[in-house]
Amino acid sequence: MAEAPSLTHFDAEGRAATVDVGGKAETQRQAIARGRVVMEPATLARIVEGQMAKGDVLAVARLAGIMAAKRTADLIPLCHPLMLTKVAVNLTPTLPDAVEIEATVALTGRTGVEMEALTAVTVAALTVYDMCKAIDRGMRIEAVRLSHKSGGKSGIYEAE
Amino acid sequence: MAEAPSLTHFDAEGRAATVDVGGKAETQRQAIARGRVVMEPATLARIVEGQMAKGDVLAVARLAGIMAAKRTADLIPLCHPLMLTKVAVNLTPTLPDAVEIEATVALTGRTGVEMEALTAVTVAALTVYDMCKAIDRGMRIEAVRLSHKSGGKSGIYEAE
Amino acid sequence: MAEAPSLTHFDAEGRAATVDVGGKAETQRQAIARGRVVMEPATLARIVEGQMAKGDVLAVARLAGIMAAKRTADLIPLCHPLMLTKVAVNLTPTLPDAVEIEATVALTGRTGVEMEALTAVTVAALTVYDMCKAIDRGMRIEAVRLSHKSGGKSGIYEAE
Amino acid sequence: MAEAPSLTHFDAEGRAATVDVGGKAETQRQAIARGRVVMEPATLARIVEGQMAKGDVLAVARLAGIMAAKRTADLIPLCHPLMLTKVAVNLTPTLPDAVEIEATVALTGRTGVEMEALTAVTVAALTVYDMCKAIDRGMRIEAVRLSHKSGGKSGIYEAE
Amino acid sequence: MAEAPSLTHFDAEGRAATVDVGGKAETQRQAIARGRVVMEPATLARIVEGQMAKGDVLAVARLAGIMAAKRTADLIPLCHPLMLTKVAVNLTPTLPDAVEIEATVALTGRTGVEMEALTAVTVAALTVYDMCKAIDRGMRIEAVRLSHKSGGKSGIYEAE
Amino acid sequence: MAEAPSLTHFDAEGRAATVDVGGKAETQRQAIARGRVVMEPATLARIVEGQMAKGDVLAVARLAGIMAAKRTADLIPLCHPLMLTKVAVNLTPTLPDAVEIEATVALTGRTGVEMEALTAVTVAALTVYDMCKAIDRGMRIEAVRLSHKSGGKSGIYEAE
């Protein structure tokens, strides 16, 4: 399988290492990731109710996602530590049974921020799970994916 | 909607707080969570090849998942810090296009470990994404859910 | 000054070390700490407005305080790592010009939790500062102190 | 209240997010924060004695403050991760009953470092409390405030 | 080589996992580790001078070692998070050219604390290196080893 | 002893502080550190066997070293937080009784990365110890030292 694209995080001997980004230019980079938590309609109703009155699950999950984006290099072994210039996470209740999550991360630097955006989405989703698990253990995190990426050498990526 | 079950992480005023587990008994608890990363068949082929020869994506992701389970209380705002007694994460290439992930976490303590198992699964999945993203940006994390839980007051939970 | 009480965090040679709590009994312990952020009345008005409508400074600060309590042993060099069973932080706008903060922390363990409560109060206060500093740089954190402590060998402490 | 200054950490919908500093210029920035721990005169005497002979509370607190400045983005939810170029913390015993604390933080970057300086002051103050609490539970942290700030678009700030 | 003792951190398939300590008894455990930093005699002279007058390298290194012991489970992938009951680190200038380091860690729990003691020694040694590297880049960390271990099923271990 | 070189991490009063690197130029910097774990020949045989078949101690240690390099500023009190552009760690079984470790770290920035390289080596060594300690408690970490440094004002350093 000589024609297989090589994985960037391994050297010629198959040893894991960070990618050396020292030679890359500092550019403005952005990534958007998306995902969703699927749940019982009654659970979603409870979340929406809390958002309007008291007990705002989505506000807690948003903060958890933002803070997690800043911890990405601690969690993902071969990610570079980065000085993010922007992190935003939005959670949207979507009838009848889901919370859609979108995270946007930006940076002026030498490497992309898609892992930061994906980490924000998953930790926000986990936090929704944590806060609702007493009433709905069957919730699932689905469709976590990169939605948009710009600013690197490889150009703009848009998921269809 | 007076009959709605109340969310455990908010007080009567709707203010977020950890659940007080001081009165709970210390019991042996276990949780298993599952999820999957869906990808191009060529990406999976590349992962399997690396596993056999060199460049073992799944070994890196397994460690990332184990280490993340220990960081759960740092990531999920209202989780209690816990002294886990066991963490195991397994990733299984599943033809034609997925890596199935399963995490098992155990504890002798006052609160369940489902969040630790779910965190291990999602961080392992994010690590697979990170290491393969240069060859497949369209990968998705799917079906992250609790599979089994035992040892708490609410008895055994098995996802169907 | 032979009669001076000795500081518990130094050995006979004056070298810093954690207190050895291995011989202490596991008891139910609780601590409450308090403090306040003093600001321009217009800043407080802005916070209260946000709390009712959108932009809830106090909800963000509450979460920051809860999460910081769990990080206390990372921050305070000679604090023991602890498995807190409860953390709650409340912030109360107090006319004309202050936000009062109270943190309650509980544990079944061998050492008290006053540092965790005090850390929660100060980080919540810092977060209020961070979110309002663009409109009021002169805010001050005042009167951070232990308010109540129970469960240890030394009995109950109540600040007058 | 349409004329109220808007809080920078919320978007138009009132959702918390980091401020986007991607468009800001990299400049040399500095901040100085101050605060104090007020205690029994006998406690201060004990600290001063230790400083001269053995058991140096202030040296431990200084290090704790320096290390905490580097952790600010982990603690304050909407702070950006920053590559500080300088952190210094000084603690001065002040008769009859206080330890004055001053932290200076500098950076060449896109956002100010006042939160890092304030975090250093408060964690240094908490560490003084921790190390002296066995002999004086009534200590209070007072007057934590920004003293000086320079290098940003808004010019130099000096607390009167 | 069927008779080789199996490594405890791998399952039958060779996959890394934490050891499951859930079935172990909670006992009082202690470990002592030792190591040394070897340097130019002039460097040691400078350290000793600082210790007596100002600029106490060893006090900074001691604190760094204590704090690192508490972070062991964050650093060593398969270590369990533990609630240490005691951490002490001592550094002794030893003529003509070394600083000897000893760390003692204790715990009432289900697993040993030798990794915490060894981590404290190495981080204290690294801190000595950091603070003296401007005057002596050739320093070496030598002879880091377990010196004593007690409290587990395997009985007392004493290095000769 | 007026001619003694001054330690860079203390001010004129002997108070610890980070070095102010704000005035230094951003240059490409690299450091390589080395060390070794010495063990029973049977332990090394077991490691080599695992590496070929299953249970790869060295792969786990390599990742632990890489991740630790990114945490250096959390561990070493006066280290600056840095945005590393490259981290690589290699572990080589060396007959009859040692694992040689080498870490290479690079950065475009204002301060050197020797502490990051040394931290990677020591944490990789500690991880080897952790994974083999059940079969060989007498392992020792030896000869941890800086091997190469380039890119700073002081020119290239090569250990003889």
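We just call them A, B, C, D, E and F in the order they show up, numbering each chain from 1.
Quick note on the criterion: a residue touches a chain if its C-beta (ideal position, glycine included) is under 8 Å from a C-beta of that chain, and two chains touch if they have at least 3 such contacts.
Chain identities (UniProt): A, B, C, D, E, F = Cyclic pyranopterin monophosphate synthase.
Quick caveat: nothing in here was measured; it's all calculated off a predicted structure.
Of the chain pairs listed in B-C, D-E or B-F, the one whose interface repeats that of A-F (more than half of its contact pairs identical by residue number) is B-C. The interface with the greater number of C-beta contacts, when E-F is set against B-E, is E-F. Chain D and chain F have Cα centroids lying 31 Å from one another.
Mean C-alpha position of chain A lies 36 Å from that of chain E. Looking at chain C, residues 15-16, 56, 59-60, 63, 67, 71, 74, 77-78, 81-83 sit in touch with two or more other chains. Here chain E touches chain B in the complex through residues 11, 15-22, 73-74, 77-78, 80-83, 109-110, going by the rule given at the top. Remark: chain B residues 1, 4-5, 7-10, 13-16, 35, 42, 45-46, 49-50, 53-57, 60, 63-64, 67-68, 71, 74-79, 114-115, 118-119, 122-123, 125-127, 129-135, 137-146, 149, 157, 159 touch chain A in the complex.
Residues 56, 59-60, 63, 67 of chain C touch chain A in their complex. Residues 28, 59, 62-63, 66-67, 70-71, 81-90, 106-108 of chain D are the ones touching chain F in the complex.
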